[in-house]
Amino acid sequence: MHTLRRTMYRVLETSSGKRRGVSLVFNVILITIITLNAIAIVLHTVPEYDRQYKRLFSEFEFFSVIFFTIEYLLRIWVCVENEKYRHWFWGRVRYLVSASSIIDFLAIFPFYFTLFATDLAIVRILRLFRIFRLFRISRYSHAFRLIQRVVTDKKEELILSMTFVFFMLIIVSSVMYYVEHPAQPEKFSSIPATMWWGISAMTTVGYGDMHPITPLGKFLGGLAAIIGIGLFALPTGILVSGFTEQVRSHKTPVKQICPHCGKEIVSSP
Amino acid sequence: MHTLRRTMYRVLETSSGKRRGVSLVFNVILITIITLNAIAIVLHTVPEYDRQYKRLFSEFEFFSVIFFTIEYLLRIWVCVENEKYRHWFWGRVRYLVSASSIIDFLAIFPFYFTLFATDLAIVRILRLFRIFRLFRISRYSHAFRLIQRVVTDKKEELILSMTFVFFMLIIVSSVMYYVEHPAQPEKFSSIPATMWWGISAMTTVGYGDMHPITPLGKFLGGLAAIIGIGLFALPTGILVSGFTEQVRSHKTPVKQICPHCGKEIVSSP
Amino acid sequence: MHTLRRTMYRVLETSSGKRRGVSLVFNVILITIITLNAIAIVLHTVPEYDRQYKRLFSEFEFFSVIFFTIEYLLRIWVCVENEKYRHWFWGRVRYLVSASSIIDFLAIFPFYFTLFATDLAIVRILRLFRIFRLFRISRYSHAFRLIQRVVTDKKEELILSMTFVFFMLIIVSSVMYYVEHPAQPEKFSSIPATMWWGISAMTTVGYGDMHPITPLGKFLGGLAAIIGIGLFALPTGILVSGFTEQVRSHKTPVKQICPHCGKEIVSSP
Amino acid sequence: MHTLRRTMYRVLETSSGKRRGVSLVFNVILITIITLNAIAIVLHTVPEYDRQYKRLFSEFEFFSVIFFTIEYLLRIWVCVENEKYRHWFWGRVRYLVSASSIIDFLAIFPFYFTLFATDLAIVRILRLFRIFRLFRISRYSHAFRLIQRVVTDKKEELILSMTFVFFMLIIVSSVMYYVEHPAQPEKFSSIPATMWWGISAMTTVGYGDMHPITPLGKFLGGLAAIIGIGLFALPTGILVSGFTEQVRSHKTPVKQICPHCGKEIVSSP
């Protein structure tokens, strides 16, 4: 029994030891199913495809949930093989509340819930939860882990600059509200409504559904765009430098050998 | 009396000495009231909330002004405890004209003024002044001080590039006016009116309310966007480098070894 | 015969040896014809020019294809002079499937095909293929080769960040679909349709043909623009650093002195 | 006579020697007149101001031209005092064709020409030339000279990346034309017309007057925006690095003294 659990553990978690081949095959199948799920979730919202392949979509949904459920239960069973979740009860509880396990749970939970739900509004919200299945792929995505590390590293600076962005958004939108409200009372109806213009101007998206028409409002609008470019330069610069540092830190340290004396020079990068 | 003043000073200004606990509690309360004020100012412009919670808003406004007024007067009383404002009269005068004291004053002044003001236009403008209360939080915001330091550091370069942005804006808008005015006399009605298009094109916001329709105008429009991207790259680059320098200078000091005597030099960056 | 082939090879491929003058003249003529082709392809789509200069366009098209065909056949004949394609048969086959030879082929192939094609839809698609002639200029463009090298160098990082961009696009568009679909069922009709809004918001283009109208949708829209600025900062930063590295690596080599023996090390960057 | 010429030369060209005070006063007056001219040119296009202050505008225009003409003639007279334009005839000819002298000429020439011009179209174009007066201020602007130096320094890289931008613009617009023309024959009427969309999409301006509606067109539109962000990152990065280098090169080299042995350490920045 314990040997079977160990084997299953090795298959489920990509390891470099025994059962590597079987584990690889399993993980390729899992990634394929997750990707097909993402495609299905995206395509089933297109009315034509939904009409034509309604049965295929629901059957694939049914199959996916069964597959993910079995996998979820197996993972709970075998998690105690991991050093971190050793205890037969508390280890499993701790595994259940880990980030990756919660993502796994959110991928299957909506299906079971909708079987019993009678309120259609809740059913529709829960359908949205299915896109969490896509996050399951993050377990394998190098990109996802890298971005996660960059964000963790630069957390402080990002929060700092985001605070300032939010601060400026309130200031700019408040001033714009008092300036444009008398001229366009329907569009610039309140400060929260003006904040939609504010974020659109400061990020330079500029949808064009709302824009100042008074001379003072236009002046402020131009100023907001310039401030916005400056403001968003900060998080951008932080992320770029964080990303560069992460990529650099994974390269081997630069070793060099002096061609004259043959000794090694370790240059600090 | 003097002991009381000293105690009050320690409570009002976050210090690391005695009365630290009381000071912390007071400052948390102050930040909470300022934040609630910002939320109230933003939400009271939404007609629904204003109708429903009109009384709550005005009562909270009344309470806030009382609170801020008492705090303002207390700060004037205790400011002489600070080395910088030692003199009982001139010290207080100098404190009154300091940036943070003026912000404190602007946060309460509109309320008292509107009590006596009969002109509604002035009352509306003064209401806008209430968002200055939000700036009071800058006393505590690390982000605000950091940005302030970056802007102060790079003042020259920023003014330099902003001058050039403004210069190009006038040139681009003037040329566009002469090109597009005959084709769209209502939209491109004057150079100042065209500058609204100019700032929207050069910041790449592109609201879409004004855009050239003649071939030459479109060519110029494309050029303006390219010039704009190049131009705004400068202040962006300046701010990013300034921000990076500020963040770096707060990290561990750089160690260096003197090549002449081999001893360590701790350089303050 | 072999001497003629060698001479032709020297003329066709810009070399620094003999026949340099003739080669230069030939290549200038070739670049001129390619540029004129690009101008003709662009201008012949303007109805007025097409009507007025219809005959000139078709005659120039005919002449260009004849010229390119002769040049194409000559290149196949002489390619064996190149060390890489030495063998009289396999060398030529390998030359035919090389990137530059395929571009040469795509520049003439549509013309011959349309002579026999009866289906108008295919003819129209093949006309598009003619812009591949413009890629022929990449043989000479320093810029093109530099960009190519930058992209090759940073391939991994670019794919990494593009994966993440695509991942976020699906997540953002899916959430927005479920939020905005009930309010605007015609515009946000499906997730793929919402992805058009998603890419327009995240790249900050903001055409304005689709934009959220519900408060939650607007909040998400603002968030998407902020996420987008952060996301696109990554490939931007990667490309800029790659470009800088490439430009720098063509400048003077870095000199360094070995700390052990004091002699100079010329490091190839 | 020669002494008078020398004195005039010292007054006209800001020098640090004798007549420094007079020169300063003259130059401040000149900058003021240029700035007032710019304001007048911008404001006289606003119908209301033009009607109200028509006489003031024309009188100021008359006065400015007289002032600039006298200054222009004086500069020609005194230019021989400069080492570079020593010869009484050829020196003056060379001065006349120098960049700053041509700008001075373009600032006054339109006025005299319009006195004799009978064709209104030419008069209108010449009016546009008056904004060249603004360029006269570049003689004094530190920002202008700095930008000029950055652009000169990075000329090669900028041309390189601009070539690539133009290349991609043609490719993207051509493909989009063939894709969208059948669906929107009026908007995407020709490749040059589609290039207006192309530049608007690639610079992320997104006016919204033209946008693809077919699925393939939308896919291409998204791709164009992503390519555009990457492309414009290059000139942006080049300008930022050039600007940083210029600013850095004007700061004093970092000198440091070892606190242990007192010797100087010259660190290469």
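When the chains are written out, they are named A, B, C and D in that same order, and each has its own residue count from 1.
Rule of thumb we're sticking to: a contact is a pair of C-beta atoms (placed from the backbone, for glycine too) under 8 Å apart; a residue touches a chain by one contact, two chains touch by 3 or more.
If you're wondering where the values come from, they're calculated on a predicted model, not measured in any experiment.
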Based on CA centres, what chain would you say lies at the far end from chain B? C
Looking only at residue numbers at the chain B/chain D interface, is the share used by both copies over half or under half? Answer same or different. different
Roughly how far apart in rotation are chain A and chain D when fitted on CA atoms, stated in degrees to the nearest 5? 180
From the options A-D, B-C or B-D, the pair that copies C-D, where over half of the contact pairs coincide: B-D
Distance between chain A and chain D based on Cα centroids, please, to the nearest Å. 45
Using mean C-alpha positions as chain centres, tell me how far chain A is from chain B in Å, no decimals. 32
Among all residues of chain D, those touching at least two other chains are 192, 204-208, 236-237
Seen from chain B, its contact residues with chain D in the complex are 157, 160-161, 163-164, 167, 170-171, 174-175, 177-178, 181, 189-193, 195, 201, 204-208, 211, 215, 218, 221-222, 225-226, 228-230, 233-234, 236-238, 241, 258-261, 263, 265, 267
List the residues on chain D that touch chain B in their complex, please. 38, 41-43, 45-47, 124-125, 127-128, 131, 134, 137, 141-144, 146-147, 165, 192, 195-196, 199-200, 203-209, 232, 235-237, 239-240, 243-244, 247, 256, 258-261, 263, 265
Give every residue of chain B touching chain C within the complex, in rising order. 204-208
